[in-house]
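Think of it as A, B and C in the order they're written, each chain with its own count starting at 1.
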Amino acid sequence: MIKYILRRLIGLVPLLLGISIITFAVIHLAPGKPTDLEAQFNPKVSLEARERLNHIYGLDKPLHIQYIDWLKRLSRFDFGISFTDSRPVIAKIAERIPITLGINLASIILILLIGIPIGVSSAVKEKSFYDRSMTVFVFAGFAIPTFWLSLILMDIVGVRWGLLPVSGIKSLDFDKFTSVEKIIDIVRHLALPVFVSAFGGLAGISRYMRSNMVHVLKQDYIRTARAKGLSERDIVYKHALKNALLPVVTILGLSIPGLIGGSVIFESIFSIPGMGRLFYESVMSRDYPVIMGVLVIGAGLTLLGNLLADISYAAVDPRIKLEN
Amino acid sequence: MNKLMVFGAGIVIFFAIAAILAPVVTPYDPGKIDIDNILTAPSREHILGTDSLGRDLFSRMLYGARVSLLVGLIAVGISAIIGVSLGAIAGYYGGFADVLIMRFVDIMLCFPTFFLILAVIALLEPSIVNIMIIIGATSWMGVARLIRAEILSLKERDFIYAEHAIGAGDFRIITRHLIPNAMAPVLVSITLGVAAAILVESSLSFLGIGVQPPMPSWGNILSEGKSVMGAAWWMMLFPGTAIFITVLGYNLLGEGIREKLLKS
Amino acid sequence: MALEIRGLRVSYNIEGRGIEVVRGLDLDINKGECVGLVGESGCGKSTVGLAITRLIPERKGSITAGNILLGDKDVLTLGPDGLRDVRRSKVSYVFQDPFSSLNPVFTVYDQLKEALPDKRNADEIISGTLESVGLSGIIGNKKIYPHELSGGMQQRVMIAMAIMPNPGLLILDEPTTALDVTVQNQILDLVARLKDEMKLSVLFISHDLRTVFRISDRVFVMYAGKIVEKGLKQNISLKPGHPYTVGLMDSMPSFERRKQKFNAIEGRAPLFSELPKGCKFYPRCKFRVDDCALREPGMEIVSGEDHVSRCIRIKEIALDGISKS
């Protein structure tokens, strides 16, 4: 197992290198220099000052030297200093990551808890009215724009009914709360964002689970289980379910970039201080060090997620032998 | 499932016609400001109401359909061209080209696409052309993988050997024989891709970094709708429903094509 | 009697239409007897096997008529609990492909244990059964998964699973077809030995007349959803009563025949949706006359009441069996 993980980690190196090259290229090959824009905000910045800025950021050196310098700093987790508030980029990202990951984790759990039973029950009752209704629900889930769903829920649940707060992750007087109240407060604040971010994924997983389960239920070993006289419950929830569940692990890994990317939208709408909102703000203010930092870390998180998915898959599927 | 496909195709055609006929059927100029009729609810004069500048929402929605569909189709066209070319090269030549291209695909897939799009927009001005290019340039990876896989299996077939035997060049074999035969699964991916591109465009426009006002798009109408949320429900309901139904239409059509292909 | 099937009819849903693939079939198995059911692929023989414990998936088709008697019980009238009881302890199956018939994500031990109706002394019984199917090598290894075994060993596991509840009837559906030739023989020997030792009643379904002859006491030949010939193995092999049976014999290269060869049967098995009106074998038969196409023949006696055939010309034509060599 440890050998396998080590080998996989080494395999990540070229991918990480590729991620850094693309990130660097996106920012530096586009027309104009980042400092042009920074200087534009302040018309008083003289040509001389601009050159000084270029020098500080190393933008007067050849591109490949710039890249290698940046990569060297990257390897020490030094992402530079933010243009907007001069704080280290890594610190800005580090304080935002837990919020985004927390929301995504909560929505993944919600997706699994609801999506898997929906998929399984649709497959068991294939082509029934229930199955058809779920198919309609799934297609609706795929098609509904996240930001629109957010707005509707904000308007109805938050504003009209006044049931849940619609912005931020905690109340203003949060510090005065007891610890139980604090937890309730956070849950109330995150309920809508988590629901919204889970909604699309819910459709995906239940559809995927349904087709897996339909496929598995037609396999020969299900006929064997039935021929042995097992109960329908054991056949479906033991023999079929375990086979149908295994690939879901991989799908979860693959869905990570989508979830992280989607965080931009609901974090902006619900004013949640997470990585997505940080990225959106950096884009609006053209804070290049932060943009590059979030890109690299976002892609790195995806890599990590895929790795975790592969390792868990290898751990749960007896057919995969890690030693070889 | 076929019923759903017909339903999907119906939606797609309906919106396409609406977009094409926009100048003919719209009762008002979509940019015409009417201070006397700000945020009026749907009525006989303005069947979908007016926005905060008194512009007719129905007219703006129809012109918005042009923008959304155009962005969706061209973005997917770009992504198909990139994906098909790279996938075909990787599948046909194999070896180093294959490793290089497929690694590139792996790396691109690591980035949260929406982040990548935002990052590029930060550099370029958010114009409709740039948005098409950016969406296209960040969504071709699935197509590349599909085409590569198809060509890998096709190139071992007899008719391709026969082409080699009569001295056909690589370019001819790839463009005349391999790609046309590999297109079926790509068709599904392209149809679903239009839906995805429309969603991305409207999200960007909603965030204010997509199609810029005064040019109407469903996303930026919704963005305006957000600011008048309590006061004008129609500003949120209609553009959102339009996006939802259009995306649904392309998804249903794509799924329908997939089922058809699976059966044959 | 271990099993008695009377007038069994099964329809499959094919493109929205119900098409009959078992068209009134009679079959019986005495206690301790091995009956071979033989026919080309697609003649409905596997369907008969599945019908015995109602394993035909609902989406595929349904049993429309007949009786399937196990002792004094008609399987077709059983409720869910009764049916489960029959499947658990009265009738066992061994299917064609052991690899796909074993669940890949559960251990062999777990799958064996599941097959035991009574879990007391499970370990002892499992060890004993594994020993008797020639798998003493994996006794006590509770962590082994199906994919770690060879095809032959997997099929031995399936057999172990099937005999463990000491069933009143064992159904083997092409149990050797997916295996290598050498392994096929070992599995056949194993089945023959177990049958004798445990006095099992066996339904052996195969397309291969040679393996059927090797293991069965009586043979039923099936064509287009009906039995066309039945009789004791030695009677059929010496004096086949139906041109189709002779065709089956001739398609096996290793059989030496006394006289001229027919070679394999001409043409292909007819589609169930477009069966001919009279004798279903008529279009492919070397001995056909116009009368054959008029109506489907009934059972005619070939030699004694136990050996009957669905051929109106059986008294006129001389069919050759297999020499004893």
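Assume contacts are C-beta pairs under 8 Å (C-beta built on N, C-alpha and C of every residue); 3 or more make two chains touch, one makes a residue touch a chain.
What you are looking at is a predicted structure, and each value in this text was computed from that prediction instead of being measured.
Q: If you take the mean of the Cα atoms for each chain, which one ends up farthest from chain A?
A: Here the answer is chain C, farthest from chain A.
Q: Comparing A-B against A-C, which pair counts more contacting C-beta pairs?
A: Between the chain pairs A-C and A-B, A-B carries more contacts.
Q: Find the geometric centre of each of chain A and chain C from their Cα atoms only, then give the gap between the two centres in Å, rounded to an integer.
A: About 55 Å separates the centre of chain A from that of chain C.
Q: Centre to centre, by mean C-alpha position, how many angstrom separate chain A and chain B?
A: Here chain A and chain B have centroids separated by 22 Å.
Q: For a test of understanding, state which residues of chain C touch chain A in their complex under the given definition.
A: Touch residues, chain C against chain A: 53, 55, 57, 59, 84-89, 92-93, 95, 97, 100-107, 114-115, 117, 145, 147, 158, 161.
Q: Within their complex, state which residues of chain A touch chain C.
A: 126, 218-221, 223-231, 234, 239, 242-243, 246, 317-319
Q: Would you tell me which residues of chain B are touching chain A in their complex?
A: 4, 103-104, 106-116, 118-124, 195, 199, 202-203, 206-207, 209, 222, 225-226, 229-230, 236, 240, 243-245, 247-248, 251-252, 255
Q: Under the definition above, what is the set of chain A residues touching chain B in their complex?
A: Going by the criterion above, the answer is residues 14-15, 18-19, 22, 26-27, 30-32, 139-140, 142-148, 151-152, 154-155, 159, 257-258, 260-262, 264-265, 268-269, 279-280, 282-284, 286, 288, 291, 294-295, 298-300, 302-303.
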